[in-house]
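Pasting a structure here, questions to come.
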Amino acid sequence: MVVVMNLSAGPEHIAAVKERLEQNGFEIHMIRGVKRLVIGAVGDRQVIDSLGLEAMPGVERVVPIMKPYKLVSREAKGENTLVKVKDVVIGGRELVVIAGPCAVESREQLLNTARSVRRAGARMLRGGAFKPRTSPYSFQGLQVEGLKLLAEASAETGLATVTEVVDEASLELAMEYVDMVQVGARNMQNFSLLRMVGRSAKPVLLKRGLSATVEEWLMAAEYIVSEGNENVVLCERGIRTFENATRNTLDLSAVPLVKELSHLPVIVDPSHATGNRRLVAPVSRAAVAVGADGLIIEVHPDPARALSDGPQSLTPEEFDSLTKQLGTVAAAVGREFSRGE
Amino acid sequence: MVVVMNLSAGPEHIAAVKERLEQNGFEIHMIRGVKRLVIGAVGDRQVIDSLGLEAMPGVERVVPIMKPYKLVSREAKGENTLVKVKDVVIGGRELVVIAGPCAVESREQLLNTARSVRRAGARMLRGGAFKPRTSPYSFQGLQVEGLKLLAEASAETGLATVTEVVDEASLELAMEYVDMVQVGARNMQNFSLLRMVGRSAKPVLLKRGLSATVEEWLMAAEYIVSEGNENVVLCERGIRTFENATRNTLDLSAVPLVKELSHLPVIVDPSHATGNRRLVAPVSRAAVAVGADGLIIEVHPDPARALSDGPQSLTPEEFDSLTKQLGTVAAAVGREFSRGE
Amino acid sequence: MVVVMNLSAGPEHIAAVKERLEQNGFEIHMIRGVKRLVIGAVGDRQVIDSLGLEAMPGVERVVPIMKPYKLVSREAKGENTLVKVKDVVIGGRELVVIAGPCAVESREQLLNTARSVRRAGARMLRGGAFKPRTSPYSFQGLQVEGLKLLAEASAETGLATVTEVVDEASLELAMEYVDMVQVGARNMQNFSLLRMVGRSAKPVLLKRGLSATVEEWLMAAEYIVSEGNENVVLCERGIRTFENATRNTLDLSAVPLVKELSHLPVIVDPSHATGNRRLVAPVSRAAVAVGADGLIIEVHPDPARALSDGPQSLTPEEFDSLTKQLGTVAAAVGREFSRGE
Amino acid sequence: MVVVMNLSAGPEHIAAVKERLEQNGFEIHMIRGVKRLVIGAVGDRQVIDSLGLEAMPGVERVVPIMKPYKLVSREAKGENTLVKVKDVVIGGRELVVIAGPCAVESREQLLNTARSVRRAGARMLRGGAFKPRTSPYSFQGLQVEGLKLLAEASAETGLATVTEVVDEASLELAMEYVDMVQVGARNMQNFSLLRMVGRSAKPVLLKRGLSATVEEWLMAAEYIVSEGNENVVLCERGIRTFENATRNTLDLSAVPLVKELSHLPVIVDPSHATGNRRLVAPVSRAAVAVGADGLIIEVHPDPARALSDGPQSLTPEEFDSLTKQLGTVAAAVGREFSRGE
C-alpha cells in the first residue's frame, strides 16, 4: 500500500500515520518527493480497509497495491479450476453450452425445449422458477412447480440443470431439484445470498452485476469461496452503459482478463447481453473466440409467446443453426465442441 | 403503446399483431407511414410486457407510452405523501436531517454521536448493524447488539432510528428495535427483500441502486407499495458513472424530476454520493436548494477510527457547522430547518 | 413520429400541435388513450427536430419512429459498401488487417515495423503524425515529417497507409501523402472536420467517440457522406464506461448491429479498446468471429520505448503470432485471411 | 510515481526499470513486499507518460502520485483566478448569470431576448452562430450574421457576449465580434482548437466533455493556459451516463471538487444538463448553493419556435421568475446576486 500525504501534512500527521501502520504490523518506507511525502507500507492487504487511513488528517489518498481478493486469485492457485455439475465439466477443454427458456412456463414448453437443445449439443438446461422481475406486475415464475419440471426434464434428457435462486427459501428448494444454482446480476452484491450459496454444496453460476467492476465481481466470488464452496463459475452478461441500442454492453475483454486474474471458469450470456435474438449468434461466436469456457443461451419453442425475454430468445431451429457453427470456431481457438452426433 | 413494424413485415404479420392486441383488449389504430406501418394500441399498460410483441415476426420495436408504475405515480395521487417515522414527518415543509455513523461500533461511539447530532438539529439517527461490505474480510456489523444500541440511543435522545436490513432475519430483528428500515443501493432490485419490507408495517428508506434508472427506482418502490406499505422514502445517493474523482456521481436533477413523477418524499445522501468529507457540506446545501425533503449524513466521533466509511464521515464539529448553514438555504427555497435552539 | 400529450393538455394545445404538424406536411392520426391523447404523425423525419414540438404547451414528449440517418442506412442501400484504399478493398470477403505504431517516431522505427507487419499479413500501415494527446506536455507527433515517412514506407512495402487528421492544415498535408485519413474518437463530433473530410476524395476511417451511441456514430458518418464522400469505414474502438480494468469497454455487439443498420464496413481496434497487449490477441479473434471487416492493431518494434501507447502495442513477434491464428477464425465465419505466404 | 512489478519480474527486469528511471533523473526507493517489489520514484511528473514503463517486461502497473496538470492547479496558484469579460468579473463574490438563446436566429429574437435577460439580472448574453449539430440536416447557425447581431445586442444593452467557436475560421470571426469564446463539450478534446484559443487574447468558456473526467477537463484547460491564455472559465454541463430521464447527468459535486483542485472559476449550465425547462430553476438554485461562480441559461422568446434546444429553453418570464430567487440562495452561501433594480 502507498499512503500519499497532502501538501499541508505536518510532522504530527506523519507520525500518527506511521504509528498506526506500525501498530498494525506494516513495514514502512518513507519517500520524500519534491512537494509531498509518500509512505510505502508492506503488510496485510486484508486489513487496509479497516485502518481508516484515508480519514486521518494529512492523508490525501491511499493506493492499494495488492488485489483485495485472494482465494479466487490466480496467485492463490495457478491451474484452472474445473467445476463439475453432474457429469458436465466447466473450465476444461470442452466448450459447455447451457440452453433453455428464461422462465419455466409449462411442462410441454420445458420438455420440448430440453429435447431440442440436447439434440443441438447443449449439455445443461437453464430455466427460471423464481423470476426477479423489474415490475411487480410481471410473471414471477412457477416456483417449486418449475423446479420439479426441471428435475423431470433432467431425468428424461440427462441434461444437468441450473436455476436462479433469490433468497433462503428458493435456495432450499433448489438444493433438492437442480444441479447448479445461479446468483443473478441484480443479486451479485446481495452478500447474505452469497454467503448462503457459499455454505451450500451446489456449484454456483455467478452473474456479473449490471454495474459491477471486474474487481467487485471477483470479490463476490470470494464471498462464496470463503464460505467453503469452490465450485463457482463466473458469467459475463453485459454491463450497463450509456448505449441502449443493445440491452446491455457485453464486455468480452473481461473474459481473458478475468481468466488471467482468477482460476475460475468464465462463461458468457449473449442473450441478456444483447437483448436481441439477431445478435445472439455472432456474439456467441465471438465469446468462444475470446476464450469463454461456455455459453448460456435463451431458447424458447415460441418466443412470441414467452412470458419473459421473448425478444432475445432463439427458436430451437435458430439454436440448432447456431451450434452447428460453434465447433469450427472452438477448434480455431484450441477448444472442443461437439453436438454429439 | 406504439408497435413499429419493420420494412419486411407482411400482411400476415400485421394481422397476427392486430389479433393479439385485440384479444388482450387493446383498441387499435393503424398508421401507415411512407415506408412502415405503425400500430397505435390503447389498453392496459401492465400487460404490455407479457404480450410478447417484440418477439413476433415483423415487429421492429414496441414503444410504451404510459409509465410502468402506477401506485407511486403522481397521476395516482396528486398530493405529496407524508411519511411518519415515530414523531418525525418526512415530505412536509420541514427539512429532516438524519445523521449517525455508517456502522454501529460501540455503545460509547453511538451514544456520543446521537447526542451530538441531536444538538445540531438531526431528527433521526442512522447506524448500520448488518453491513453489506464489498469484501468478506471487512467488518460486517454488530448485528442484534447494534440494534439494541440504536434502541437505547433513541430512548435517551428521542431521535427516531433507521437501519439497513439485508434479508429476512435482519428484517425481523430490525422490526423490533428501530423505527424505519433501509433497503440499500445494492439490494434495490432484491425483489424478495422489497416484498418483505412491503409486507411489514415499518416505514422504508429506499436507496437508489448504483446503476438504477429513475424508472427502475420507482418500480422498486412500486414493489413495496403494491404489498401494502405506502410509507416509502426515496433516497438519491449517487449513481455509478465513468467519473471516479468522487465515489459516485450524485444525480441531483433526479430530485425535482422524481418529485414531479411521484408523490413520495425524496432525500439525499451526500456522504455516499461523494465519498469525501470536504464535499459533504456544499453538496448538502445543493440538495436542500434543489428541493430534497431531507438529508442523511454520516457522522463519526473519530472518522479515522471508523470501521467503515471514515473518509466520508463528518466529525460532530463539522456536522454542527454544516447544520448551522442549512436554515438559510432551506428558507431561500421555502422550506424550514431549525436546530431547535 | 408520435407526439404524446400530457394529462393537462387542453383542446387549444392539441389544436396548436395539429396545426403545426399539418403546416409542415404531416398526416395526422389522433389516438385517444384512457388518460392521454397521442398523435401519430407521418411525414419527413428530417424536419422533426426543427418543429419545436417538445417545447409546445401540453406536449409531454415526442417519439421519432424513423432513424435520423438516411444515406448511410441499410434502407437506403441494401448491398454492402466496399471501400477501396489503394489496392485494398475493405468490406468484402477478405479480412483486412491494418497495423503499425501509434505514432511515427523515426524512419527506422516505421520502416522496420512496416516490413514486419507486411510479412505477417497486414495490408495497410497505420501511424500517427498529428497526435491528439490528453496532455500538452506529451509527444505531439512528427507532423509532415511523419507523413513523408509513411509515404516512403508505402512505396517500399506496397502497404496502403492511414493517418489521423485533426484540422484543416493536417488534412491538407495528409491528402498529399497517405491513402486514407482517420477521424479520431475525440473528434467524432467535430462537425467542421467531418465536413472537410467529406469534401475530400480520400477514404475515411471514422472511429467511434468515447461516449457516442451507435446512432450518433452513424450520424457522424452521415455528415461525411452527405458532403459527397461515400468511402467511410467505421471503427469500433471501445466506449467509456465505469469499468477501468481495461482502458475502454469494447462494444463488440455493435459490430453486427451496425452492419444491420448500415451498409458501411466496420473494423475493430483491439489496441485502444483494451489498452493491454495481453488482451489484443483474444479480442482480435473475437472481433473476427463477430463479423468485423478488419482490424487495426498497434505494433511497435520496442513497445517499452514507444513515445505513445506502449502498453497496448504488440511487438512484431507478437503480431506475427496473432495473424497466424486469424485465418482459421476467419474461415470459421466465412471470411478469408491470408498472410500471403 | 510508484512502479509495481509483477510476480514473475526477475532481477534483469528490475535492473532495467531502475536504469531507465535513473537515466531520467528519478530518485529511487525499493520497497520489497511479501510477494512483489514496488519501486517508488521521485521526479518530474510530466515525463512519466513518455518513459514507457508500463510496457517494460516485469512491470505490472504504474501509479502516478502527482496530478498531471500544473498551471491550472491550486498548488501552482493559491488564490482564485478572476476572469474579466468586458466589465464582468467571473470568479469573485458576485454570481454571474449568462443567458440567451441556444442559437441566434434573427435580429428581433436576439435583441428581445437580450433586453429581457438584462432586465432580469443577466450580465452576459449567449447565442450560437456556429452550431455543432448531431444531424447534418439540422439548422447550422447564422454564422457571421449571427456574430454581428451579438455585437449589436451588446452595444445596445451593455451585456458582454459569448459564442461557441468550432474551428479556425469561426474563431477568427468571433475574435472581432464577441467578448468571450466558448469551446463546446464535443470539442473539449479538439486539441487543435484548444491551442488556437490558447493563443488568442479572448477569455474562454471551456465546457466539460460528455465523457470527460475532471482530470481530462483540467488537462484541456491546461492546453489553453499553456499557450499563454489564463482567462479560462470552466463550465459543468452534465456528463453522459446510463440515465436518460434527463438529457445528461449534472455532476454538481464536481464544482466544489474542481474549485479545490484548481484556481479557475467554474460555472454551471442547467439547460444542457437537464434538457428539461421544468428542472432548470431548481437545478440553478442547487448550482448556486454548491458554490458555482455563475450560471449559463438558455432563454428564448418563443421556445416552441426555437430552431434548437426549445425543450430546455426558458421563456423570458420564466427566466425573470428564476433570477428573483437567486439572490437569497446566493446570500445563504456568502455570494451576491443582484438584479440591478
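Think of it as A, B, C and D in the order they're written, each chain with its own count starting at 1.
Convention: a contact is a pair of C-beta atoms (placed from the backbone, for glycine too) under 8 Å apart; a residue touches a chain by one contact, two chains touch by 3 or more.
If you're wondering where the values come from, they're calculated on a predicted model, not measured in any experiment.
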Chains in simultaneous contact with chain B and chain C: A, D
Centroid comparison with chain C (C-alpha atoms), farthest chain: B
Gap in Å, rounded to a whole number, between the CA centres of chain D and chain B: 31
Length of the line joining the C-alpha centres of chain A and chain D, rounded to whole Å: 39
Rounded Å distance between chain A and chain B, as computed from the means of their C-alpha atoms: 26
For chain D, residues contacting two or more additional chains: 211, 240-242, 244
Residues of chain C touching chain D in the complex: 46, 49-50, 52-57, 68, 132-139, 166-168, 170, 186-187, 189-193, 195, 209-211, 216, 219, 222-223, 226-227, 240, 277, 303-307, 310-311, 313
Interface residues, chain C side, partner chain B - complex: 2, 4, 7, 29, 31-36, 38, 40, 42, 63, 65-66, 75, 240-242, 244
Residues of chain D touching chain B in the complex: 211, 213-215, 239, 241-246, 249-257, 260, 273-274, 276, 278-279, 282-283, 285-291, 325, 328-329, 331-333
